[in-house]
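Labels run A, B, C, D and E following the written order; every chain starts at residue 1.
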Amino acid sequence: SGEDEPIKIGVLASLSGALEAYGKQTQQGFDLGLEYATDGTMEFNGRKIEVIYEDTETTPDVARQKALKLLDDDDVDFIVGSSSSGDTLAVTGLAEEYEKIMVVEPAVADSITGSEFNDYLFRTGRSSSQDAVAAAAAIADEGVKIAALGPDYAFGWDGVEAFSNAAEELGAEMVLEEFVDPEATDFTPNLQRVIEHDPDYLFVVWSGANSPWNQIVDMDLQGRGIKLTTGAPDIAALKTMQDLVGMEGFTVYYHELPDNEVNDWLVEQMEEQHGTVPDLFTPGGMSAALAIMEALEQSEGSTDANELIDIMEGMSFETPKGTMTFREEDHQALQSLYAITLEERDGYDYPVPTLIRELKPEETAPPIMNGEGE
Amino acid sequence: MNSIIETKDLTIAFGGHVAVNQVSVQLPENQFTSVIGPNGAGKTTFFNLLSGQLKPTSGQVFYQGKEITDWSVVERTRAGIGRSFQLTNVFPNVTVLENIRLAIQSREKVRFNLFRHFKSYTAFEEEAHELLDIVLLDEKAESLAIHLSHGEKRKLEIAMLLALETKLLLLDEPTAGMSLEEVPTILRVIENIKKQEDRTIVLIEHKMEMVLDLSDRMMVLFNGELLAEGTPEEIMKNETVQEAYLGGDPNERVHT
Amino acid sequence: MELIINLSINGIATGMLIFLIASGLTLIFGLMSVLNFAHGGLFVWGAYSGVFFFSLTGSFWIGILCAIVTGLILGLLTEVFIIRPVYGNHIRQILITLGLMLVLSELIKVVFGPNVLPAPVPDYLKGSWLIGDITIIKYRMFIILVGALIFCLMFFTLRYSKIGLIVRAGVMNKEMVQALGINIKKIFIFVFMVGSALAAFAGALFAPSAGAIYSELGMEFGIYAFIVVIIGGMGSIPGSLVAALLVGLANTFTAYYVPILSMVVTMLLMLIVLLFRPQGLFNVSGVSNK
Amino acid sequence: MMLKRMKLSTKVYLLIGLALAFLPFINDSRWFMFLMIQIFVFAIFAMSYDLLLGYTGIVSFGHAMFFGVGAYSAAIVMDRMEASFVSFLLGTLVAVLIGGFISFLAGMLTLKLKSHYYAMLTLALAGMFLYIAERWRSVTGGNDGFTFRIPELPGFLEEHRNFVIYLFCLLAMILLFFGMKRITESPLGRVLVGIRENDQRVESLGYRIMPYKVLISVISGMVASLSGVLYAISIRFVDTSVFDIQVTLDALMMTIIGGVGTLTGPIIGSAIINFSHHYLSDLANIHWIFQRWMILFGAIFILAVIFFPNGIVGTIQNKLAKRKTKKKQYDTTEKSLRKEGA
Amino acid sequence: MSESILKLESINTYIDQFHILQKVNFEVKKGELTVLLGRNGAGKTTTLRTIMGLNPASAGTVTFKGENITKGAPYQIANKGIGYVPEDQGIFYDLTVGENMRVAMRHENDETKERLDWSLDLFPDLKRFWKKPAGQLSGGQKQMLAIARSFINETDLILIDEPSKGLAPVIVEAVIDAIEKIKDRTTVVLVEQNFSMAKRLGEKYYILDNGMTMHHGNMKDLEQNEELKRKYLGIG
């Protein structure tokens, strides 16, 4: 594209429906990311940067339709998205077809950088197995007995499997892998089984609104000497974990945890512009924007995908979560995650994730699953 | 004389209530038989057993010498047993014409044909109009059946039965609710069928004059049992029948 | 043994929750024969207003009361503006109530925001009793009690008053009921409001037991409620109770013993019941015998 | 006279079809074509649903199972085989056969039941399929789904492949429309209407009910599964959402909005729902209220039922019919008055 | 001359777009049994339904006991003291016979009980099948139920659409007796095709044709008038 034509970026996110909250976080983060990178000018070397948001409604066919609109009609140079793995997978093929870079954020399915991988995909979001590796790193140790609980579908299976592998590598013993109907209202029978296996830790992979926390407390797992661990979710969901104070686990992001300039700026701007703090997926949105801007910087404004691929493979860039690096083999951004404990704090209506230690990018690097590594 | 339909110890019980009890009759071919009896005597139920709507608790039904006890409604209809219903039972949201056409189509065995337009069977349509003419309903041919008045629905009911051209016609109170003016027409229709070869009619009716006028034979059901059977004369002489069914002083009786 | 008791208590509690949701639908779908797909929407509204007023006033009971009032108001509006034009026409009912369902669950987000909302248990119902190896969660016992109470109330009202009869008669032949001097419109409004209030009430009770609520809850539970009403036998209160308990227990026990089936057990149960007893477990005319 | 009118309507349909074929020359953006393709695909699906709902009176909550089976069968076959024309044909064939087979089994199992019960049973069956698709990951890719390639087209066609797919779906819709129209207007279709109106009466006219119901649900299942194939091809990705109850509900809504028991209804319904879906959600940038476009979407349903009680096509048809009978009624009153006067 | 209890003045009724009743005039005097006659589709049933408010008139007035009830809702009209037996019997199929009766009862007191006992004596079959779902009754028994149900409340006027339809002669006799008995207490309007029954019970007649009132007068006169009978009733 020409010298003074705008650079166009299309962002796909769930702006309505069940994942609306996540989609909006991505959106705010992305806007702020551009603002940060351009010092508020929203221009790159004098070229305007234009962002077009499209709502996927968390439905694959809508996602694809919107992606087509972005790629074909709006002729975007980059595409970013999306809030659910299904939506993302319905679109990844188009990135290849149109030869445009797609920055995947925050969909977690391993297959995006695994079996369904193509060269045009770069993921700034963390993958399921990164989560799992982080979770294992947070608690697993020689001789520790662990039970895992997850929802009974791909997300849960992958998460638990990756976790088990990582934990066992660290010398822990997996005593039970328990899967629950994701729409169940009653988790007690599953918890009953957990109790019977008498582990030291119960690792929970969960996502979605109806959660098992209440019943874990009701069944008095702590009292029976079973410690709970999980990934801390967004703030809205943290509010439902009131009773889990003291729990150890990990998180992808909580605004107090990272210690770097970008994050400070983000927290400040969120407060100023939106009157809140950044949430779970806000930094992800920002990271996606920063990755794109960094790539443009290095390509000197060229949006040619093949050129960009060469640049982005192995590219490091600063984000609110510190430095991220796109791994060459599968384009997964290696990034920090955080081992935390939930603490009660005055003035907060949710348990606050407090840093135990930062899990460094190398530590949480997931296995390469697209066959490139062999 | 051959019997077209025959029952042996035909019985049906609903819970504890025996609605038809050990009825054994032979209905002769090409004759007009009427079934009378008080309300709840089991007449309609008896029809339901003959036409297959109900399966007997015990006993058998024979049609032209063959046992058909286990046959379904469809099989019996196809074999030539047709009936009309006491409570009007038509296809409400299609036109009157279509109601009849559907019956003709079944008779002509055009059932599973997928590839022709139904309107290409013009003969069916013509015949349907003729039948409607016979029962004085042709001007309503294009109305939806649900828009008919009660008496008009009764006529449609009869026309549908006629369209099937079955050997055996079971008529359940065909003229109930039909206007005085039109009863004679319907009677004429019935009489016409009666005259045709190869048609056997069984009629349930409470209008005694009509019954006496038309019937070759009569059977009387009472409390589910066969109380009497014979020619109209014989039946009218039967004291029990007089008392149980007709009631009161015969001179003061309501006639139609 | 302890295990069985544990599982049974939890199964019954789950069943009772489902019964509470289904009880409103038993009136609206079972008796009034309205295919109300927005039932789950009323349930969610009950849950949200219960939680909202609980946190506003600090009283769980005021929360419940407000949920019931919400249910009554929404029920009234729904009956008058949405359901009245479509009585007796199931197909149109499906479309219009699905439309309403969209509106209701989306409005939740407008009013309460798109995030999940934490729903606390009141302090005095928090925690559990431990008797040997048996864990009895207090809130679940509470739900069982409330469920039993609602069941008795509904069962005896329908048994000894004429209202159940009139509603069923009204569904079969609305004109005739009116010609008998009964203002069936008023009665339908009333029953519909009660049914909606029950749904909202169930929502308010459900929220604390789940710990968190979100606007999409409705569809899921709406379908549960339909399943229960159908396998219980349309319009039968004891049927709904038995079916709900069956669903609850089946879920709990399969989740423990055959976890692989736990996602489909409700559907399987419905499949089996309907294949062997197409009219549902209970006969409808059992509701009101006098 | 009847025949002439028939021909006229056929002509009109064909003309509209032809116009649609030229639409991409006016608006050639791909997302628009994709939107149109979705309309065609769901129109086919909704028509197959209407065959059950409108013409036979069967309410199914599990129609998504055929759609999903079609999408998965085609996707799996094409994914496993070399992307060639043969694999495409084979995929379609397999999809339709499996769809037909499953609807045959499901029909035999469930069609004896009455309305609500049948609806719930089909819901349960569709739930089973969703479950299997989620579980059987080695084949279906589970919840995340998988992408696949479709065969390249020969020669210059490859450059216009989206246009070709567009035409293909349009053609499929037109052919299936006429095919199903013929079915509903055949003698068999009349029997179906009889079954819908009064099934027990149909038996005493000598029609067996079950074979008709099973046959029509097999046809409907096959068509639905074909629409699933087209869906999979159009998005080149398949995941478990194809078995979602929402898919069935979409078909139901399209059918009702357009008009139950009219095959044009589902097509119009599909167009309306897809368009309003698209444009309403697109308006989000204009005013905050459109962020909550689902409220408007729901309101459309409510208003549609109140103002178009029989669906759009149904209401129009009624209006036309009314005008005709009114005239007739007037004639007869005139006549009788004159008779009276004489 | 006794006072008029019900009066229809140039009533026009539409069902959907169909103009069914065209300027129907109809008057019932208190205590006089009036019979509505006419061929199928003449509009007899529609007339009764218009009175009940089930097919409200679009023009004209219906006056009952001096009160304009044209626009009343059916239940209001019923509560003013009109009983109705529809031609399709209007019974509630899934309810038992007893429940059918109970739904109809306006009050559940001794007086109602008396009336109930009286109707059950009239139709012993109903007593026998008290707990049976009404849908399982025979055709005639359903008719009995419909008639009995209309007797259960205190009414000033009862509209009966073809009471004799489907009833055995002996029951027809009983119904005639019953109507004769209640005639003293309430006014009855009959639609009847059974002319001998109409003749025996009726004092006044109205003949409808094509949605219009053709003739009316004393039943006695109609019996003499062979021409009328032939023209509209097909008898004579």
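Operating definition for what follows: a residue touches a chain if its C-beta (ideal position, glycine included) is under 8 Å from a C-beta of that chain, and two chains touch if they have at least 3 such contacts.
In UniProt terms the chains read B, E = ABC transporter ATP-binding protein; C, D = Branched-chain amino acid ABC transporter permease.
Everything numeric here is computed off the predicted structure, so don't read it as measured data.
Shared contact partners of subunit B and subunit C are D, E. Averaging C-alpha coordinates per chain and comparing to subunit E, the farthest chain turns out to be A. Distance from the centre of subunit C peaks at B, each centre being the average of the chain's Cα atoms.
Our note on geometry: subunit A versus subunit D, Cα centroid distance of 38 Å, whole angstroms. Centre-to-centre, using mean CA coordinates, subunit C is 33 Å away from subunit D. The distance from the centre of subunit B to the centre of subunit E, each centre being the mean of the chain's C-alpha atoms, comes to 28 Å.
Subunit C and subunit E have Cα centroids separated by 43 Å.
Residues of subunit B found to touch two or more other chains are absent.
Residue positions 152 of subunit A are each in touch with at least two other chains. Counting partner chains per residue, subunit D has residues 292, 294, 325 touching two or more of them.
The residues of subunit E lying in touch with subunit C in their complex are 52-54, 73-75, 78-79, 84, 86, 90-96, 98-100, 102-104, 106, 131, 133, 149, 153.
Touching subunit A in their complex are the following residues of subunit D: 29-32, 34-35, 38, 134, 137, 141-147, 231, 234-237, 239, 241, 277-278, 281, 284-285, 291-294. Touching subunit D in their complex are the following residues of subunit B: 51, 53, 72-74, 77-78, 82-83, 85, 89-94, 98, 101-103, 105-107, 110-119, 121, 139, 142, 160, 164.
By the touch criterion stated above, subunit C contacts subunit E in their complex at residues 162, 165-166, 168-169, 172-173, 175-184, 284-285, 288-290.
Considering their complex, residues 14, 37-41, 43-45, 86-87, 140, 147-152, 155, 172-173, 176-184, 206, 208, 244-248, 253-256 of subunit B touch subunit E.
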